[in-house]
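Once you've had a glance at the structure underneath, I'll fire off some questions.
Order of writing sets the chain letters: A, B, C, D, E, F, G and H. Residues in each chain are counted from 1.
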């Protein structure tokens, strides 16, 4: 198949297949028509997992028209195709959402890790203002090969978790909060300055990036 | 006595005496000569507590030349006169330093609260990367009428403490840390965005302001 | 009752009851369905004061469907349940709005303090451009155990008030103003740099946080 | 005389003389040798007032070697030549320094206005934390055709002064203060957002610019 | 008349009348109902000029319902009452818009100066990319007692104008432009750093503030 | 024809014709009526190429009403008149879009260069995450006299291209991306800090500026 | 032994030993005396690896006085004790320095990973301006379990490397570069916005954090 | 010769020779020893022009020890070897310094262009506050194939020059100025927002980058 899409995109599905990672299509800034054309192009390659992220309803509708059996996680604004994730290998990826408002990003991370072939667990609403909540999840957290922590506001939870587990922590700042959060700048800086070592920071609201990185960290030893 | 000092400052010692708060002289940006002139002016008024903050060695030397029995806390870069703090009234002010590097600012806060007439206690090196450290101080923290928390880096400790105690927390960001701390901006924003209510934020490295605010909060009910 | 809400939130009503503070639900970033589920969960616990803040009309409607007799302050975008605040204890909380545009945030602060059990008074439109306005309120301000000052633009009012009263001032920057206010950054920085000691700063537009902090400061001595 | 100085500067003394304003030489970033060459060039033109601003001791020494009878105001870091300012015309320029640390910039403003031919008065240490201080100077302030207000920290004084006088206020932020002053950004933003109209803002620590602008505003009607 | 408006605003019309300046009502952040109540309050005082700035169509409609003969300048988003400006006194205020997109703010400045009693002239589309345009207006600019320069993008025009005239320049940055204008930050900084002295900067898009300041500068000598 | 348009704009078509560059009208911030008036004014001058950039649908409709045969590139939001670009001279301008989302800006650059008389080629979707894509276009890139590189996110592509070709690179940051792209700030800073020399940076999303600059660089030697 | 050091620090060596990670002492902001006291305290525990990071010469001297056989890497400003790193386990950590100026930080990362028990390899001077340099190291990079990439300026190298390898990339921005690098902000933002997934970002110049995180990622499967 | 320098740098002199551009060594952040080793390595290759930029006196001394006859421009902090620049080809590069303080950066640009083989001319002290200065240089500016404009403060000169010439303008912001210049941010933003098209922006104080880019633009047509 051609990798050139009417002059607006190039896919490299063979390379994707070789590396074993999904092809990801970031829908924001693309028209539903462009996204639909990409969906049509991947239809012929069920061996390549494809994730459409940040898929607004109009994007999702256009994709599902081409790939009717794709999975659509509306909360995560994500469409995955083929709908069944690969068999799981490697270690456990635990995904932690500090608050309810962080759940959307946390689910994007979780789905991404699933479609890269990892086992996942989700923990919600364990912000540092109530330490007993996160302490109550310690057994689960300590079983994970990597912990993704999604938090807005003060971005304090990754520091606390990193001090409690030996595994690396992937920290995702979210844009939720009052004015001086400055669209996620506050938790972003807090996470970069974590007083506990072992914290890997990704972009604001970037659940996809966090899930991908976590899946790479938790890959079986011979994969990386 | 005159409140006009050769055309560079005005003191208002009567007003200070009336409100019951110390006169504070911020030494940075003033010459040792200017600071010495102020020290000479307050010598005649032992009823007015005077704090010289951010006193570099040259400032301290100039002050002590005028007020030889003043207290000089070198770590806090503070000179207090008269040297003996007033009798304590009101509630307990607990001052917590997240790390060793925050100690300088914490001591400035503690001394300020002492010279405003409060009982104080100091807790050091209880960063959130080792939760058991702060949890081990819970009894003390819960006895306080107000807790001052001094922290740099991720600024996460005030959120954790505010979730553990019923008293208000005064949070002081410090300028210690790697590049993306941006001179204290990172913990400042984290503290402003604390996910636990009850956090009062003051300026970066402003131990004096924190101690003063804490003393006001812990004042006896009929003082405020 | 269970504290787990269909996998998106955890409530800890017993802890809330123990500490004597309301449970607060920040509605922004939550769907009306999520907020309604929380409202249903608290219905069985009239002993726990619950505040729904930043409740858009759709949120409020969903909450009132579950809690029909809850109080809805439309200007403050706040829903409180049970509707009658607790009996007042402790000192007076004075809430000052610099301009008409700051009123929304000021009312959120005032309602929060009321539902934490404090007496409150509201003063409006006393910006520093007309000093006689704030000077005319001096008697009231000096009776308060704590003064909440809400201001946008130059954020100068907290400095002026803190110079006039012995009580601590809780300063709330608002996002109102011309371009170089940068969404509240200008008054936020001004308040953090107040030339008068005794100013406690909270997040931009965070009336809830200010009211909560003020109520803690004005709590009866044996509460904190 | 030639207006070309060995390939590093051009003077235009005739133009300066025509407009009636001084030639100003900003010394920072120039070597003492370059400054000395400029000083030598202006020696032949006593009809042109020349101000050397931000003159570090090495600059001042180099200038005074060429212009031994020039006036050197060490606090303002300014050298003026010829040493006697022109006869005064126009209205009064009042210069107000909020605190002692603002005095250096205030004096630069005052000297600049003097050498542009205005009457000047200096008021010091009248920060808004003690309103009675500035209120005590109201008669003087109301006699001025323009008031220059120099302030760091919260930058609140220009708003207060502009609310008290009918004349325009030239506001100069200074770089003095704790960390979140961010080198003068805090008072700069506060002044740009003044809630009182009539505030003209200039650059941080730019006493020269403030004095020049004030002198233009207070110029006799037929000058401008 | 009462100066208290149902608990959301205080007017001080006598003070306004005394100082000779208009009362200004900034409509953004106020509801049409609040604005209408103010309009009703000023109806009884035709001796007090009142300007409603940033009046969105809904605000304007509400005001005109109370003050049907008020002047409504839709481009400037301003309503003035009484509709006829006072007789002109003092010097000429020239208002210069660098580009067509700056016209809205320029007209707000011009109207404000008119209603403070100044003669005004408007010059449009004279950006520095075509110097002959501004040079062609030099006669007019040199007749003015003060020049208001409104510019976005590089904010270069105030520097050029200030180098050409002896009068002070009031510079107004606008929020027009490509991404790195950052909502007016680029021209704001450029204006604060003007290499020509005599530039007074006001807030981004603040035509009202610029017109008010210009009117004060151009006031007859005995007014200020 | 008159160059004055009802008091909101000045055109200088003779100057434009003399310099050989198009007249450009930036539509954002102008009303459709204003844009239509300009379109009517240029109709009489087919010797002057006119580009209307950032033309929203309402702008485009208004322009096409006056200039029915103008070219309208909807993706680039650009209207050009006369519709046929001038004959090509000078060197080749290659325009590279890192991702599909950058295509809109890339086309604006390409069209601008075409209407300034250059040959152009477009290369799409060659981000640095798949180096073989850009390496596969090396022959084309090395034939160009100048390469325009449009990229958001990490803004890394201009550095890579500048290391591969001897021609200068015009780098255009775009505002596409996750939160910490801060509206294009991230790629803007990356491009300004390119580790390869030969990178000329223009404003965020400024395809017009990039195309114009590239056309100037690729002009025949005797044109510049 | 006591874990309390004269009131300025708490060590928790047992916890450190349990988790298998070194104790790290960040020397900046601590006095040589404080650091020496810590060094003395760890002397008795050769089972606990201790790293002193950011050790200025005065710090290093004080440490070596207590621990004469400690390893001192002057370029990395790091002191390690005991001097022999533990036996290596887990995967390979490759450390890449984009330029010579990044070497200091890269060595800190490498030493940290070594003292956490990993095999390490160093690659230097492979910036993206010369792609053949990094392509020439591809075999080595693909053998690594994790790649640490240290880069200043445009911060483009991590994106390029992440596109070439399947392993996760730990990206460390450095503060080297011209003005608009803003102390490392430019590469920090570029790395957070990497167009290739799999990039974990740590703080500016934080070689220690990068090495620690890399060692955790490359830990044997049963360690995490 | 080997291109590997004791594990801290790689030179690629053959590639440099092939592309016809000098090898550049940025000395900041490198030790004199490292720089000397590079100097020794290039000694054997007089066919490769090498520029050492930002060479502090200690760097220059170390280089000159290895390359005694190299050219050392102390003002530009640049060492060039071999000392005689190549024969000139291509168009004229004009370099304009707005003020005396910009001269250092301007000379770095000029020397770089010379050693890339271009004819150069220098124009100094032609800031926009005195337009007649720049207008007096118009003939020279219009003869250039490209104009480099170096300016701090308001960064207005590139806009003015770009409006006067048909050639592209390379704009270099400098870090000179009062506080709100923020280390060159103000002119950087102004230049990126130039209202005249044809402005290519490089990093703050980056004279080397500007000279290199200008030389590429002015290269003979068959070179690029």
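Note that in this section a contact is a pair of C-beta atoms (placed from the backbone, for glycine too) under 8 Å apart; a residue touches a chain by one contact, two chains touch by 3 or more.
Labels paired with UniProt names: A, B, C, D, E, F, G, H = 1-(5-phosphoribosyl)-5-amino-4-imidazole-carboxyl ate carboxylase.
Small disclaimer: the values here were computed from a predicted structure and weren't measured.
J.: Matching B-G on over half of contact pairs, by residue number: which of F-G, B-D or D-E?
T.: Answer for the repeat of B-G: B-D.
J.: Could you tell me the distance, in whole angstrom, between the mean C-alpha positions of subunit A and subunit F?
T.: So the centroids are 35 Å from each other.
J.: Just give me the whole-number Å value for how far the CA centre of subunit B lies from that of subunit C.
T.: Roughly 27 Å separates the two chain centres.
J.: Compute the distance, rounded to whole Å, between the mean C-alpha positions of subunit C and subunit F.
T.: That gives a centre separation of 50 Å.
J.: For subunit A and subunit H, let me know how many angstrom lie between their CA-based centres, rounded off.
T.: Computed value for the inter-centroid distance: 44 Å.
J.: Quick check: what residues of subunit E touch more than one other chain, meaning two or more?
T.: Residues 130, 177-178, 180-181, 185, 188, 192-193, 203, 209 of subunit E touch two or more partner chains.
J.: Chain pairs that touch, all of them, please.
T.: The list of touching pairs comes to A-B, A-C, A-F, A-G, B-C, B-D, B-G, C-D, C-E, D-E, D-H, E-F, E-H, F-G, F-H, G-H.
J.: Which bits of subunit F are touching subunit H when the two form their complex?
T.: On the subunit F side, the touching residues are 19-21, 24, 91, 145-146, 166-168, 170, 188, 192-193, 197-203, 208-209, 212-213, 216-217, 219-221, 223-224.
J.: Which stretch or stretches of subunit F touch subunit G in the complex?
T.: Touching subunit G: residues 98-99, 127-131, 135, 152-156, 159-160, 162-164, 177-178, 180-182, 185-187, 189-196 of subunit F.
J.: What does subunit D use to touch subunit H in their complex?
T.: So the residues of subunit D in touch with subunit H come to 7-10, 12, 15, 26, 28-30, 34, 173, 175, 183-185, 188, 203-206, 209.
J.: Can you name the residues of subunit E that touch subunit F in the complex?
T.: Residues 100-101, 103, 122, 124-126, 130, 132-133, 176-181.
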